[in-house]
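Below you'll find a set of structures to go through.
Okay, so chain A shows up in both of these, paired with chain B first and chain C after.
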Partner chain A sequence: MNERPKFRFVSADRRVREDRRFVAGMGKYVGDIAEAGMLHVAIVHAPYTAAKIVSFDASRALAMPGVVAVVEGEELSTNVEPLMNGLDTPKVQRYPLAVKHVRYNGEWVAAVVAQTRAQAEDAAECVDVEYEPLPFVIDAEEAYRPSSPPVHAAHGSNVLLDRTFNWGEIDEDFAASDHQLSLRVTWGRSSTVPLETFGVVAMWDPWAEVMDVRASIQMPKYADQIARAMRLPGNAVRVHYDIDVGGSYGVKRGIKHTVLACYLSMKLKQPVRLIEDRLENMSSGDAHGPDRIFDIDAAFNRDGIVRSMKMRALDNAGAYAGRAPFQLGKPIGAIVGPYKINSVRYHAVSVTSNKAVQEAVRGFGQSPTNYAIETMMDRVAEHLGMDRVEIRRRNFIRADEFPYLIPSGTRYDSGDYHTVVDKVMKHVDWPAFVAERDRLRANGAYAGIGIAACLEPSGGNSSFEPLLNPANTTTTWMESCRINVDALGNITATIHTTSSGQGHETLASTVIGEVLEFDPDSIRIVRTDSLTSLPGNSPVGSRMAVMLGGSCYLAANKLKKKLKAIAAHQFDCAPEDVDYVQGVLRAKDGRTLKWAEMVNIAHRNFHLLPEDCEPGLEVTNVYQVPTGTDLPTADGRVQMYPCHSFEFHCILVTIDPDTGKVDIPRYVIGHDCGTVINPHIVKGMTLGGIAHGLGAALMEEFVYDGEGQMMAQSFMDYLLPSSHEVPQVEIVHHCTPSPFTVMGQKGSGESGYLGAPAAISGAVNDAVRSLGIRFNRLPMRMTAISDAIAEAKSKQSN
Partner chain B sequence: MKAAPFDYARPKSLGEAASLLAAHEDARIIAGGQTLVPMMAMRLARPTLLIDIAHIDGLSGICEEGAQVVIGAMTRQASAEKSSLVHAKLPLLAAALPWVGHTPTRNRGTVGGSVANADPAAEIPLVLVTLDGEVRWQSEKGQGGCKANEFFAGPMSTELPASAILTEVRFPVWDGGNIGVGFHEASARRSDFAYVSAAAQVQLDGNGKCIRCALGIGGATPFPVKLDAACAALEGTMLDAKDIAAALVADVAGLDIMVDGHASPAYRRRVAAALAARALSDARDAATGVRA
Partner chain C sequence: MKITLHVNAGERTVDVEPRTTLLDCLRDELRLTGAHSGCEHGVCGACTVLIDGEPARSCLMFAPQAEGYEITTVEAMSPAPGELGIIQDAFCAAHGMQCGYCTPGMILTAHALLKHNPSPTRAEIVEAISGNLCRCTGYGQIVEAIELAAQRLRGANTEAAR
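Let's turn to the complex of A and B:
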């Protein structure tokens, strides 16, 4: 099970091919596109948290230099369909611009189109809008109360989703347990904040009747959503995938920006560019992440075994549904983490509020959920006076129990959690690690150890959609690959999505090179557009190693099969009796056909081809997700993602007793994502994920004041960790291949981020435990840590 | 994030710059632009005329004049950071400069710009106040100047006359040996705007007794302040922890603490005391040759 398969290129220390152009500054981004006659858009933002639009007057703006048009929500909403709403809540309608009402501070009210962005911004200041303020609600608990003012009056309440799942014999397990405890933790609203903000260039060609879209996008079914909103046939929208995306991790889903730009381009018959500036990205780009309160009851035995868990997760979606409710759904696929918890009650609540809209963020709700589960495990250990590593070991699923069915219906593919923990314990020399913490404490420092064990569900299907919305019956989230060998014998493969830095070209060429035994660097990878592409679902849910890798593997094998059939026809033998070695086809009797000869036959010698064999050397594969292809059961169980990577964080922190600043002198992560396709990509994902998690744990938050004003609109207030704050990370590798994937690979695009906040929280809490302090909310800002320490000290001295 | 429309002038002389400034009500001087340009991009600053003083001769440079080091207003922070004169004569400024923004912002940002901008969290104003420095300016009416402790009036606010251009800042040089400095900041990230900063410079006699002490607090207050009473109380002591703690109590309690969303007033006051103590003990150790 744990044997590493022998590969030639896969897992090898090979350069990431995309890095060359990025490092040289030669990426091609939306901001690099300059179409002739391209117009620019600036946005008029709502200055109220909730208000009725009483009057709208663009006459002053229209008279300004360079201004071409001003469009507001009422015009737009009569010409486009509402944006896709994944839930069955038809009265919660969302358009790119506010229609009659504004629902959060900063919401887009109008678009000003001009020859330059500066002219558009000048004119945007001169659009006169009169508002009548309305009651609003910011806090999720308050929004959940029936008495709160509904953000969408027609919907009647703020509740988007309120569903309780009962998986297993919860009440019986609680009754039979020795102990119970309750806790509440809160995950503050943060996000992934990309270096490149969202941007789109839309160009309507009235003669070809095609809408060309180039965007900084990472979204499934983007072209379909544009076509639906624009009332165009699907084949009238051409999304170009050969655009580099400057960071995403989920949030690059600017559908409102895109539909607006498409409408403006169609109306004005000119290319239109809309690129968010940083203020727009942060206040109203609709790209915030989960904003969640967890209430947990745990039932456990005196030996530390956690038998049952009740979890309520209340998420503050913001003003429109967006993807927020579904981010409560995906964690169902790993709701017990790596533990054998026998039964679970999960109460998922999503409410609207007068905050900005959420978008998908790395892990799709999994990192907050892991933070809640891991805090629970720490509390159970504390309650029993047990070691925090030991309690996890006792509850882990054992390596010989896989595939393992969890109460909510997902079958975990594989794992060897105990071994990964053993390796990390050995790497850090656990007794010495603990002694180091105690030495720091003896010297008067606040020092703590943090432990977090969690899973990265990967291979992204979206079974949470049919689970939370019975009207949705989707059971496939395919990915595709097409390989063509040209008449000169060179190999080109197509992939059918944009990249936001995941290294798809390296992934695809490595896998195809492995199968066909060709140097991956000799294989050309091209990105198509949505009109020439095969079906696909874009890189979400840590899926590309599994799904694109799987499709490339199967396509390459299909090509090999075709080559063998052609060769067998020449050798007059059965295809099974033909060997393929580094592009050479060999019969049992020793006759061979070289690659060039095979190419010549396929491309030029139809008379030598077997019957029913198409000329040329072209194959396609459309790959279904390996598991999770059934609809949910009536009692709310469903197979979520196919693969489950494992990570185990073991960290040491110190806290400056005066300033409250947290330092992380040691950060170790044990990581098992099965077969690694390219170790540099996995390492980059993991390090970046830890940096991202550090931000969520200690710094990053979109803070709203009581009036609904967002207080972190720039990088002065929304604090991303810099290279000074991110610690050196030591990675301890392990490989438990997945039995469900073509090469044993699992996902790694969310690694590090999924456990880092839990580990950092655990470490900070360990550091201040002697003071009787608990931090139950992220981010834990240094000022708040310091204030809590000072308060505890003054209580102690009294 | 495009600035509102503005005109741009690049005068060749200080006189020309001063005339432009006097003639335009909404004109602003631009030096390194590291604060002004982002403020303009966010349309929080909307000058109608930018007067770029980068091309005026004689506004940059660092030299010694009597018991002072004079730094021209246009001197880039990076130049000051690398200056051997600053390192030899102004160890406190040398200790503070690496905390000013980041390398790229110090390459553009100027010493005079930081002083004129008067951000409460800025390091250079703190050092200037702590060392009892001076500020000089020029307007159409002629030259003027004042002591640093009279110059700063509040957050982003100074006593610089409306149509005056800051031309130089002057830092007193301490005479003699056994001088040590300490500089500390509390900020969420290295080189962020400081919630609190503390700067200390001390001189000891041959027995380790403090004969001269300068201590200032920044970030916590609307503008940097020198803790005069604490300094006076510490002169004549051995600067041990008890001396320091006792000397700080009254001055820190009397600080006019700034209120904003970043840190509680209690945090700023508490951390001001803690960082002041650290800066002083670092300064003492440096003066006695003990490495922290």
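Let's turn to the complex of A and C:
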């Protein structure tokens, strides 16, 4: 099983075909679209954290040059349906614009439409809204209390989700363990903050009765959601997938922006463009990430074996529900990480508050959960005086134990964690690595080593939907591919999604080229629109290598099968007696039919086709997620994602004692995502994920003050890692193919990000341990670190 | 107001409001959409163009202020439609991007760096691109791309550091 399969194009050092247009500035982003008569939108934002809208007067704005319309929430809400909630919380209603009440600072209150964006912005400042401030709640613990002011009075409380799962004999395992410890860690609210903000151009065609939507979108069921909200038939919404998306990493799901733009376009019968400015993106683009407090009790033996874990995760979802609470559900599929923890109690709580709304962020809750689990492992090691690598080794699932069923119902596909760790230990020369930290310490530096081992569940299905919402019976999360060979014999394949840098055209052409034994560069990849597309679920959940790759593979094999059937008919033999080699069909007796001959027969010679064979050479495949077909059991167990990539981080940090600045002189990651389809893409994902994880660990946070004002609204105060902060990363590769996928591939779209925050936290804590400091909260910003060091030193000197 | 800009070795006259940024003018008036809007407050570098050969934020400059300068955008980096310059090709070889949004700014910044310094150290490359944020790559493959471009340019018998 651990033999690396031999491929011709897959895993080869091949260029990423999308790159050519990007280096020339020829990407086609939503901001590049200029339709004739296109109108522009500016937003009026709420200046209060919670308030009643007492009066609304747009007359001054409407009198300004170029202004075409001003629309507020009451009008909008009578004409569109509420946006979709993930959980069964019908009283938590969300519209693109606030209706009667505003629930967070910056919430969209009105849309001003004008001939130019500048005119719209000018006029937005002249919309007069009178508010009556209301009580609000910012803190999650406070929001959880029944006494807190409910963000949605009709819902009755702030609790969106409050569910406890018991998987295994938790109390027995706790009673039988030698030791127990408790810890609390907090994951501060950050996000992926792509360089391109969200944008959409909506264009209602009243003659064709079709809504054309072009957007910087990365979202499952986007067209369906637009149609539902707009009360249109599904076939009256056409989302164009040939738009390049300038980064997303989960969050580009601007459904409120889209429904608003669609409504305005339908009302005004003109194309409408709505593009967030950076302030909007950060304050009210509804794209913040998890904001989570973890309380953990661990039960373990003196030999370091962790037997049981109780975890409470309390997440602050913000003012509306959306899909965000599901981010407490996905980690259930890897709730024990790479470890053999025998039983788990998981208490998942999601509350509303008067903060901005969350959206899916890279890993969908897995990175915060990994940070909590890995901090627990570090604490257990510390408690027992045991080496942090050794304790992980002792708890790892062994390579010969896969497929391995974890307590919450997921069967991990494959892995060889011990070998990856051994390879990394060898790569860094572990004794020398430790000696280097100690040398730095001896020279007076605060130096620390960080270790993190974690999984990247991939091939995303959506099993957390039925798990957390019994009204939802989703058991498929399919992806599709269509291949057509034209009458000249050239191959074109379609994919049915936008991409935001993942290289799906390269992925599809590589896999199809591999199967059909054609140079992938000769295969054209076309992006359809939602009316011409096959079923799909967009590139979320680290799923496209598994799902699009799987669909392309199966479609190409279907085409091969058809070719063999046609050839067998000519050879008068059984299809299984026909060989396919680089487009040539060969009978056992040596007769051959060349590609051009096969194409000619299929396209022009119906009389030569076998019975029931359709003319032409076109195949489609709609691929079901491998493993994910069952509804959850009554005790809350379900197979979550099919594949599990592994990463092991081993890093060295130093801290400037005066400024608190963390440097990372050495960053090594062992990475195993099974069969790699394109090594450049996987490498980029991993390096980028680490950079993003570094941001979440040390720099990035949407900070709110006690009054609910968001304090980080620009890149001057929400800091993104630059080339100075991101270390040079060494990747140690390993390949354990997945037995569940067509070529052994697993996902890598979230790699690096899933373990970097845990590793950096572990390293910083190791560096300041001698001062008696413990950081239990991310991000650990420079100011927090320098303050803690100064305080500890002053205590020591007293 | 009417202004005349020297863009990519050509003269273009446009009629814009005085408050129009150079970025908006390039994108909306001249349809040179390779420069991207990222933050609109001069931090991210997605809007980078060259002003008299030096990288500058086109979001922090009004279009009328750009009169009299030589403005170079990423569109000038390709020798011909469908052809890649050496730096562009190196970015493709190293996959020094993912979504492509920061890429034009990175290419222009790399162009300016390599013009001044044909043999930059890794630290010098890191310093040069530190004003251009990339959210996808973690910068590793961008640095590799610029190292590769430098190496190839040193070996090329053309002076055009394209």
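Throughout what follows, the second predicted complex is superposed on the first by the 798 of 798 C-alpha atoms of A that agree within 3 Å, B and C clash if a C-alpha of one lies under 4 Å from a C-alpha of the other, contacts with A are read in each partner's own complex, and residues count from 1 in each chain.
Here, a contact is a pair of C-beta atoms (placed from the backbone, for glycine too) under 8 Å apart; a residue touches a chain by one contact, two chains touch by 3 or more.
What you see is a predicted model; the values in this text were computed from it and never measured.
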### Task
In the overlay, answer first, second, both or neither for which of chain B and chain C A:Arg278 touches.
both
### Task
Quick one: classify A:Met711 as touching chain B (first), chain C (second), both or neither.
first
### Query
Which partner does A:His724 contact after superposing on A: first (chain B), second (chain C), both, neither?
both
### Task
Look at A:Met699 in the shared chain and tell me whether it touches chain B only, chain C only, both, or neither; answer first, second, both or neither.
first
### Message
As a test of reading the superposition: which chain, chain B or chain C, is in touch with more residues of chain A?
### Response
C
### Query
With the two structures laid over each other on chain A, which partner does A:Ala790 touch: chain B (first), chain C (second), both, or neither?
first
#### Entry: Partner chain in contact with A:Asp658 - chain B first, chain C second, else both or neither
first
### Task
With the two complexes superposed on chain A, say which partner A:Arg781 touches: chain B (first), chain C (second), both, or neither.
first
### Query
Between chain B (first) and chain C (second), which does A:Ala118 come into contact with in this model arrangement: first, second, both, or neither?
both
### Query
Considering each complex separately, which residues of chain A are in contact with chain B in the first and with chain C in the second?
118, 277-278, 714, 716, 721-722, 724
### Message
For a test of understanding, state which residues of chain A touch chain B in their complex under the given definition.
### Response
117-118, 121-122, 125, 277-279, 656, 658-661, 699, 703, 711, 714, 716, 719, 721-722, 724-725, 781-783, 786-787, 790
### Task
Could you please specify the touching residues of chain C with respect to chain A in the complex?
17, 19-20, 27-28, 31-41, 43-44, 46, 73-75, 77-78, 84, 88-89, 91-95, 97-104, 107, 122, 126-127, 129-143
### Query
Quick one: in the complex, what on chain B touches chain A?
1-5, 42-43, 186, 188-193, 195-196, 261-264, 266-267, 270-271, 274-275
## Note on the structure
Per the touch rule above, chain A residues touching chain C in the complex are 15-16, 18-27, 29, 31-32, 34, 118, 192-196, 244-249, 277-278, 500-503, 680-681, 683-685, 687-692, 714-716, 720-724, 726, 728-729, 752
